[in-house]
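Some structures to go through are shown next.
Each of the next two complexes has subunit A plus one more chain, namely subunit B in the first and subunit C in the second.
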Partner chain A sequence: MQQSRARLFKEYKEVQREKVADPDIQLVCDDTNIFKWTALIKGPSETPYEGGVFQLAFAVPEPYPLQPPQVRFLTKIFHPNVHFKTGEICLDILKNAWSPAWTLQSVCRAIIALMAHPEPDSPLNCDSGNLLRSGDVRGFNSMASMYTRLAAMPKKG
Partner chain B sequence: MSDRILCKFFVHGSCLKGEICEYSHDSKNPVNNVCTFYQKGICLYGSRCRYHHVTTTPASNLPPSPPLTSDSESESTNLQQQDNNDIEKSSNVYCIHPREYPICSFAAAGDCPRGNHCPHMHGDLCTTCGKKCLHPFRPEEREEHTKECEKKQKHIEALKQSQDIECSVCLDRILSKPTPGERKFGLLTECDHPFCIQCIRNWRSSAPVSGMDVNSTLRACPICRKLSYFVVPSVVWYSSPDEKKEIIDIYKAKLRSIDCKHFNFGNGNCPFGASCFYKHAYSDGHLEEVVLRHLGSQEGETVIADNLRLSEFLGGLQIF
Partner chain C sequence: MEDAAETMYWCHMCSRLVIPVIEDEIFKCNFCQSGFVEEIADTQAADSDDQNNDGEIDINGQLEEIRRILSRHSAEIVNLAEGIRARLLIESETNENNIDTASVPPVSLGDYFIGPGYEMLLQRLAETDLNNKYGTPPATKEAVEALATVKIDERLLQCTVCIDDFEIGMEAKEMPCEHKFHSDCLLPWLELHSSCPVCRFLLSTADDDDDEPKTNDDNNGGFSIASMERNGSSPQPSSNSSLAN
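Then we have the complex of A and B:
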């Protein structure tokens, strides 16, 4: 408990210091609970997510960093490895390939990388995975960018 | 042995050694009344001293024993040598070889308040520690000190360089941890990423999640995922592969001197067998001899056979 708190506090200070360094990620800690974080990440360029801002919710378990944080998308996203309804993310480093050297910041980076390089062979969103697996990249791209416009972009007017 | 000196305890009527005393218990023999402190340079009693303040030893008397060899054995050998040399040496002025003089302990500790007026010999300056602690007439002692001093200096240097190293698990500086037990590095044998011993051990012993490959996650370096089979604790971080090897060798040597609790002097069974780091010795002291049984497996490869125990078969038996 004490250990995870100390480590999260360090990460908090690091985030404050690095704010300018990585403009794609905005990590914010809950005011009252250091085990709850939210992050805003920008959709990577040259992907259907470009221009969107996606919100992530982090729930940090007590044994952290020996156990990975639980991360899910709060913003709706059409991606083969993200559950369309719950926002759950299928990413090896958040499950069995976790290592205590990862930080919340680096997890965000890994999620941005996952958005740019989807893994259609282990899908949580079967419709999206099937589009990619059948080779319909255009169909996938238009679906994904439609949901990006609908859910991840500020409403005009 | 008529020219032995008179035992000074006997003179006062209280020699505990009695018959076997190496000094004479015959009151006709002369008494050695020379002040050894005065001969060495300074006697704090000055004119009030009850011993004679002379720089030469009276011809028939023995020289005072050297300060560093005061045990009775060397005294008696001195005595015999003296007996042999007595005639030719009788008129010589006795003087102690300079190597027998101790050096000024104040100067050796860093600073002597008396400076040049100090009656004691000041040692030469050790360039490593900056203290005047090298005895001018004891070469082997000088060499030993220089070696020791350089080793210490190296350790301090390494400690200084280790100060800023952070553990990637707790993100703290390892040598700034609150308790001394935590201020230790855990070296992985196969890569050079630093961790605290506590963090890396906690991670390696944490329960594996289902679907996790233990070798590529828990036993691997959290940063580079290189597989290391064991962790070596160390108070300093190394700067070269040789230093790392030295730390690992010292650690292994230390473990080899500790009896393995699984082996339990031959009464137990160590699961690590021949690769155990601890000592496998029987209670009479002889070491376990490891004979590996090699078997040809079905695929034509050679495998090492485990030791089988009858209890393993019997334990699985169900008796109706």
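Then we have the complex of A and C:
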């Protein structure tokens, strides 16, 4: 408990320093609970998520960093490895390949990498995975960018 | 309404069968008023292939999907099963509401799964997931005790578990792959897992004695950062095994 707090506090200070270094990630700690974080990440360029800003919710378990944080998308996203309704993310480093050397910041980077490189063979969103698996890249891009526009971009007017 | 009685409509917003309201020749869902309503094939046509594509419960397809996913991904199957259950609830609700119009699906998954058996299935799948989730097995006591304790003689070296910098002259535990950590940081991790936090070098585990060699490659994630690392410049367990002695 004490260790996880100390480590999260370190990460908090690190985040303040890195703000300028990585403009694609904005990590914010809950005002009253250091185990709750949210992040805003920019959709990677040259993907259907480009131009969108996606919100992630982090719930850090007490044994952190021995156990991975639970992360999910709060912003709706059409992606094979993200559950369309719950925002749950299918990513090895958040499960069996977790290592305490990962930080909340680097987890955000991994999620951005996942957005740019979907893995349709282990889909949480089967519709999305099936489009890619059947080679319908155009259909996938069209759906993904539609949802980016609908959910991840500021409303006009 | 005569039309609606013969044809089934699926609302993509509500994810359920609906009786659409027709306004100015536009079909609208009677629940959410959206226009995202699709006509689905006449169920009386009894063409099972058609039904599969039209939102009807396709038990073979779903079981096939369960089987396929089970081999890889138990977290998903729980999800899938929950999804199927949610859908069954919706279906039964729809059937109650529209008893005159909606024809009952020929076979319901509920006939097979609802009840204690279904709960047990979910339970078992959830437990299987727990085993998967935690990655490599713990390192053996012998391997942990054999770890070298070294004095830090480099500047700007960091323990990646607590992200604190080492001070020169401080004692640290060194893995065979030469990655160094505070003893208090490394040992709790090795009680859970045998891998180096930085490069995934594997210490020997209790499982190594088993007849069946275990691989560390059960990919539980959509995108394997771990395998990218392994293919990259990080030290590989195999190439480093000589250092273990």
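Assume the second predicted complex is superposed on the first by the 157 of 157 C-alpha atoms of A that agree within 3 Å, B and C clash if a C-alpha of one lies under 4 Å from a C-alpha of the other, contacts with A are read in each partner's own complex, and residues count from 1 in each chain.
What we mean here is this: a contact is a pair of C-beta atoms (placed from the backbone, for glycine too) under 8 Å apart; a residue touches a chain by one contact, two chains touch by 3 or more.
Since the model is a prediction, treat every value here as computed from it, not as a measurement.
J.: With the two structures overlaid on subunit A, would subunit B and subunit C clash, or do they fit side by side?
T.: By the criteria stated at the top, subunit C and subunit B clash after superposition.
J.: With both complexes superposed on chain A, which partner does A:Ala6 reach: first (subunit B), second (subunit C), both or neither?
T.: both
J.: More subunit A residues touched by subunit B or by subunit C?
T.: Of subunit B and subunit C, more residues of subunit A lie in contact with C.
J.: Of the partners subunit B and subunit C, which touch A:Pro65 in the superposed model: first, second, both, neither?
T.: Touch status of A:Pro65: both partners.
J.: Could you look at A:Lys76 and tell me whether it touches subunit B, subunit C, both or neither (first, second, both, neither)?
T.: The answer is neither, since A:Lys76 touches no partner chain.
J.: Kindly classify A:Lys36 by the partners it touches after superposition: subunit B alone (first), subunit C alone (second), both, or neither?
T.: In the superposed model, A:Lys36 contacts neither subunit B nor subunit C.
J.: Between subunit B (first) and subunit C (second), which, if any, makes contact with A:Ala97: first, second, both or neither?
T.: Both partners, subunit B and subunit C.
J.: Considering only the touch criterion stated at the top, classify A:Ala113 as touching first (subunit B), second (subunit C), both, or neither.
T.: Second partner only, subunit C.
J.: Out of 43-51, 151-159 or 223-231, where does subunit C collide with subunit B after the chain A superposition?
T.: Once both complexes are placed on chain A, subunit C clashes with subunit B in 151-159.
J.: Return the residues of subunit A at which the contacts from subunit B and from subunit C coincide.
T.: 3, 6-7, 10-11, 14, 65-66, 95-101, 103
J.: Okay, in this complex, where on subunit C does subunit A touch?
T.: Residue list for subunit C touching subunit A: 65, 72-73, 75-76, 79, 132-136, 160-164, 185, 188-189, 192, 195, 197-198, 200, 218-227.
J.: Hey, which residues of subunit B end up touching subunit A in the complex?
T.: 168-172, 199, 202-203, 206, 209-213, 216-217, 220, 222-223, 225
J.: Spell out the residues on subunit A that touch subunit C in their complex, using ranges where they run on.
T.: Residues 3, 6-7, 10-11, 14, 65-66, 80-81, 83, 88-101, 103, 110, 113-114, 117-119, 122-124, 126.
J.: Subunit B touches which residues of subunit A in the complex?
T.: These residues of subunit A touch subunit B: 3, 6-7, 10-11, 14, 63, 65-67, 95-101, 103.
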